[in-house]
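Notes follow once the structure below has been shown.
Note that the chains take the letters A, B, C, D and E in the order they are written out, and that residue 1 is the start of every chain.
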Amino acid sequence: MKKMLAPALAALSLALPGAGHAQVKIGFINSITGPEAPIGENLTNGVDMAVEDLKKKGVNVQLIKQDDTGKPQVSMSAMEQLATGDEVAAVVGPYTSATANAVAKLANQYKVPQVVPAAAKEEITKQGYDFVFRLNAPAHQYAQSLIDAASELGKPKTIAFIYESTDFGTSVAAAGKDFAQKKGLKIVADEAYQKGAPDYRSTLTKIKAQSPDLVFMVSYVADAILLMRQSREVGLKPQAFLGGGAGFDTAQFESEKDISNLVFSVTQWTPESSPAAQEFADRYLKKYGKKPTYHAACAYASMTIVGEVAQQAGGDRKKIQEALKAGKWNGIMGSVDFRDYEGFTNQNELVMPVVQYQGGKSVTVFPKQLAKKKAVYPFPGWK
Amino acid sequence: MAILDIEHVSKFFGGLAANSDVSFSMEQGMIMGLIGPNGAGKTTLFNCITGYYPPSKGEVTFKGTRLNGLQPDQVCRLGMVRTWQKVRPLAKLSVVDNVMVGALARTSSLRVARELAMEQLKVVRLDHKPDFLAGGLPIGERKKLEVARALATKPELLLLDEVMGGLNPAESEEIIQLILELKKRGLTQMVIEHDMKAIMRISDRIVVLNSGEKLAEGGPREIADNPDVIAAYLGERVE
Amino acid sequence: MNVFLQSVISGILVGGVYALIGIGLTIIFGVMRVINFAHGDLLMLGMYATWLVFSRLGIDPFVSVAITGPLLFLWGAFLQKTLINRVLNALPQNQILLTIGLGLIMSNSIMLMFTSDYRILTTTYSSSSFSLGGISISEPLLVAFLITAVITAALYWFLLRTDTGQAIRATAQDRDAAQLMGINVQAMSVLAFGIGSALAGVAGALISPTYYIFPQVGSTFTLKAFVIVVLGGMGSVIGATLGGLIIGVTESLSAVYIASGLKELVVFVLFLGLLLFKPSGLLGKTRA
Amino acid sequence: MLQIRKLNFAYGDLQVLWDVDLEVKQGEIVTVVGANGAGKSTILRNVSRLVRPTSGSITFEGTELSRVPSHKVVEMGIVQVPEARRIFPEMTVTENLRMGSFVKSTRKDRERNMERVFSLFPRLAERKGQLGGTMSGGEQQMLAIGRGLMGNPRVMLLDEPSLGLSPLLVRNIFEIIKEINRQGTTILLVEQNVFQSLRISHRAYVLETGRVVLSGPGAELLDNAHVKKAFLGI
Amino acid sequence: MDRRPLLSRAPRGFSVLGLVLFVAAIAALAAFPSFVKKPYVLHMGVVLFLAIIQGQAWNVIGGYAGQYSVGHAAFFGIGAYVTMMLLELNKTAPWVGIWAAIAAAVLLSLVIGSITFRLRGPYFVLASISVTEIIRLAALHFKDFTRGAEGFLVTEIPTLKIGATEIEFFTKRPFYFAALGLAVVTIIANWAVQHSKLGYYFQAIREDQDAAHSLGINPAFYKNVALAISAAFTAAAGGFYAMFVKFIDPNTVFGLDVSVQFVLICIIGGIGTILGPVIGAMVLVPLSEILRNPKGLVQLGIVSSDSGFVRFIEANLSNAHMLVYGILVVVVILFAPEGVLGVIRRLATRLRRRTPSRGRTEPAATA
């Protein structure tokens, strides 16, 4: 009954004059501008909703937003300022793998609890940092879920990887290649591409020549769309297109019906997973006029947890860290529990659902217990 | 022994011969005038001698050293230095700094270089403005500065490319006196000049170039009376 | 073999648009001897103009060429008349810095207005293609290529057959002599910068359906345009046309036969080699 | 027709022309002779307004040129054939000639003028499609003069047309200049080739380091001792 | 014609006043952290010193020798990568590793110099850009060696022991002193170069390469020397940056914008002088920081957090602080091509002209 401890501590802090209605300062680092901004926006929305909901629960959060423009060094100086200047109790964010990993180190140095909502890079929670927590599943989960799903649905023998040469892209692809080998799949192409010059026709032609059973792609939004457009153009036709989250798991991608149809994507969260999730999705849609992505959900959940814990701990960083480590929460992300396992520290273990776009709508198709519809496999070819 | 030997020097640009088969030599201490109409190839010859262009054919020998293939800086260190038809002051450096750049070819000490530079400025009578920016000097003084800078490299042979061009008569006269004074000090000089009066006065010998070839060589008197030279300068007289 | 042909074909199609970018830069350089580091940003403006009229007014990107072209022409002419003109006789490095500065202003103003989000145009034909003997040809790219070909042909006609076009060439070849022919070289400079900008803008419009749009997209194209122009010989319009195609095919082939991540590197190595061994380019004349 | 009064000009602080007075009357060939660097070409550059004089005035048929931009000077009928030909190297003979009649008012005469040029220089007619830059010096000079004629010049400024040409060609060129003048074009000629140019000139000026030191009918100057002195220093 | 100041601003040996001011400034800056403890302020100090080092380093080749390299990111990046990789992969302390970084950059400069110095003017600029782009793309691609886009993160900087004192590179303080020290060394080295034969030769090449050649200067050799000196300090700055920022990837250290920044610092301050880069850094660093993050001013207590100024910048400019860079560059090139220092000088000259009793009499310009 560790949970009893927290209110007790909170009561203690109430004894201090004026502390009762004190705000808790929480930092939020995100890609508000920059190339990752379209996804970053989802995180911002999620966090904003969380702050509102917290207020209703009597938790008064003073949110300090910092834009890292997607660059690790900017992210780090934002963290430094939050830690030493604004003196926040805890930090949520940043979004991308590279920035989150860079900030993690500082969080641990400054002993500021950090909750990473949606960054995939394995190492973030593999460095034994006590003050760094991660809510979402790490990179290997992306690959595992997708390849598991494909193996279950059919009998793929070969796989091709195409991914952007960023921290996120290479992390997920590396985990994917590892796992594919374990599964006995033959890797027939391994193509990293530079962002910013989106003519992938040649690369895709080369992949097509290998006729792989699976094409595994890791990209942010714009490239995800272009990759699929050009795949269609060159007539690439594997058994399945596997999209490694991120760009493949956005409303924008979903809305490109022509090319998103029957593409698999892995996700951290779907509204279909629980009533609470559905309720969140509905409220989000009403408020922002679009469907929430898993980023929004992860950010919402992270902020909710951090807000509550910080309030209870009276803004004390060490106490927040202890409470995060000890606690267990249930919300739109299902059960959240930061544990140490398989070399991870403070990592929430999350089963990632696999979705497939069917007629412009994403439906959960894997794992079985979450599946809402049957997957279409293999890919029947382009219209 | 001749200080400078030019043997059968030719220079082609594409198919065009800017110099063809030019030969002459210079003795220690003399002033050689180099004249010719526009486009005769005088400056090209200067460039071939001082290492800016390798001659296409022929040889240049200075104090017994074959110069072909040597770079201008190496030629300078051997003791041959040139000035430029269009003055090239180091505009944003002061007068004395300009001359020091030349002097630094002979010493690495800034103090020594400055002394050397001031000496040369005295020679050309610019020692009253050492701290002026070279780019701000009037043309006459810039020409003098260029001579001082060249002198600071302690040359044995000085090549002057139209030092009097664009000067008024008084300024030209000053330069003439300077050249003669340098000669008195034993400095060998080769002078390209358009001002005929001046060239006739200062030269011991004159080489005339016309469309890249050596047209004539001789003393000033000889040259002035040479009908080929007159034709080259005034055009062919048609009867 | 199919892979080879496929990548050559898509290289040529992309190269056509590259050529347009290069031609614009080479005309500007030819007439004014100014290296325009803001060229890619002009292209970026063209992309945003296309995106705006597409998303607000629903005008097809290929149709909007008729809007972006003139718009960018005016903008380029304005830049030349008010700013670039003042540095025509300045040191080349100052010209370069000025255009870098202008590029920063353009890209960041756009960022201020439209944020740095990546935009994607989705048209009905965005991913359409047809197959020709086993080689797939992207429809939007093909249309872009054809429009490029028409514009290039029109430009050739203009430069070769009209008095004004010839006057532009004359100004590029000998500014003083052109002045002695009664050509208003100032006006020609404005015209040249206008045309150069318009071509960049049109190129931007043409690649909009197959590319993505963001404020910093220009710098890639600026560098690429330099490579194209130097390859073809600075100032040579035919050279730039050829250079564009060569770069397109080189990129596409090196993505297949070397590595996707190295295709730009290959282009730069090619560029450097060219600068060193034939700085005048394939069709340029060596200047004394 | 063309009147230059007290013209001073300097490149930066390098003064090239000092109080130059010069006049060209309708129908004349007037020659300016002088050594290299005497400032002959600079006079023509001032007339064509490629450069701005420091002081002094240049009038053409009573119009002060200082207020006329350079491209308008050509429209008034002052056409310069520049030193070193300055042919557009990447343009064909025909294109070069067309550029000569760029000024709107001369375009209607283009065909006729082109005929005239080809009859004066049959060589050019043979090489219509050749690029200017690939022609020999003499051909380029013909083209440059032809290009000048395309602009219906009322006064033609010729800058060292004989430079770098073989003696035979030089003679040829001067004959053609004479012929052009005979056909009614006034000519202001700048030359180093003293004998040839003075022979065909009505009047001439001798320029020495930026100053007019002598002037008079061409034939008289031809025998003037001072001319020889000015050029050879004897 | 342009009206250049008629009197030289070339250095004239030791200026006692200058030396006193220099030492006083160092002393003040060294004492500064004892009074101001805010990490943010010290952070800005480090960024400022770093910019000064960058500017001074570029100045050697760009300002004195007149070769406008727009590819200094190559040396900066090499410095950063070598220092970082030695630390991360080999546990070499950065104060040791930085020497290897400098050596690597000098070697690289010889290679780059031998390629690019064959070209002049705009072709040189393009070559310097493309060499750097090649390095950036290679660093991105060959990830087995460089970790590609993933980049490197400092795990731990070892404790530096000098005698009995142990310095831990955790707070801003040691970085502040290290940056100050490096800046002082760079400035002194620059001063020494400028006041030697080398400095004269570099400037001669800048002013007129052909004339310099005729005066016994081998331009290719001395340009390479200048580039090597410049590369050495640039690499030191890069190594320091890597340790201070603690993260590098190819785009952040080899990017074209990094190269442009080097040039900007000098152009804005004033090219070819010791003071120029200092002034350039003092203009650029605070400006970009205020625009990027106006909260900094709040922290310094200059404005209050809800002031209109802060809100305006946050709402409008913080996304586009490069816009102001752009405007600054355009304005400087068009109206003050000699930089802020040039403007100050011009004003000073005008002031001096008004009071002819002081200083030397101005010679009249001859027509």
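Note that contacts are C-beta pairs under 8 Å (C-beta built on N, C-alpha and C of every residue); 3 or more make two chains touch, one makes a residue touch a chain.
Note that this is a predicted model, so its numbers are computed, not measured.
Colleague: Could you find the chain whose CA centre sits the greatest distance from that of subunit D?
Modeller: It is A.
Colleague: Comparing B-E against A-E, which pair counts more contacting C-beta pairs?
Modeller: If we tally the contacting C-beta pairs, B-E comes out ahead.
Colleague: With chain centres defined as C-alpha means, what is the inter-centre distance between subunit A and subunit B in Å?
Modeller: 76
Colleague: Go ahead and note the Å separation of the Cα centroids belonging to subunit B and subunit C.
Modeller: 49
Colleague: Where the centres are mean C-alpha positions, what is the separation of subunit C from subunit D, in Å?
Modeller: Chain centroid spacing, subunit C to subunit D, equals 41 Å.
Colleague: So how far apart, in whole Å, are subunit C and subunit E when each is placed at the average of its C-alpha atoms?
Modeller: Roughly 33 Å, centre to centre.
Colleague: Spell out, as numbers or ranges, the residues of subunit C touching 2 or more other chains.
Modeller: In subunit C, the residues touching two or more other chains are 111, 115-116, 259, 261, 264.
Colleague: Going by the contact rule already set, what residues in subunit A reach two or more other chains?
Modeller: Residues 33, 165, 192, 194.
Colleague: Which subunit E residues sit where two or more other chains touch them?
Modeller: Only 137, 140-141, 319, 365-366 qualify.
Colleague: Can you name the residues of subunit A that touch subunit E in the complex?
Modeller: 33, 67, 71-73, 76-77, 80-81, 84-85, 98, 101-102, 105-106, 109, 165-167, 169-171, 192, 194
Colleague: So in the complex, which bits of subunit E are touching subunit A?
Modeller: Touch residues, subunit E against subunit A: 38-40, 43, 137, 140-141, 143, 148-151, 153-155, 170, 245-247, 249, 252, 293, 295, 299, 318-319.
Colleague: Using the touch definition up top, name the residues of subunit A that touch subunit C in the complex.
Modeller: 33-35, 37-38, 69, 162, 165, 191-194, 196-203, 205-206, 208-209, 220-223, 225-226, 228-230, 232-235, 252, 256, 258-259
Colleague: Give the list of subunit C residues in touch with subunit E in this complex.
Modeller: 35, 83, 86-87, 90, 92-94, 96-98, 100-109, 111-112, 115-116, 219, 223, 226-227, 230, 259, 261-262, 264-265, 268-269, 271-272, 275-276, 279
Colleague: What does subunit D use to touch subunit C in their complex?
Modeller: Residue list for subunit D touching subunit C: 48, 50, 69-75, 79-80, 82, 86-91, 95, 98-100, 102-103, 107, 133, 147, 151.
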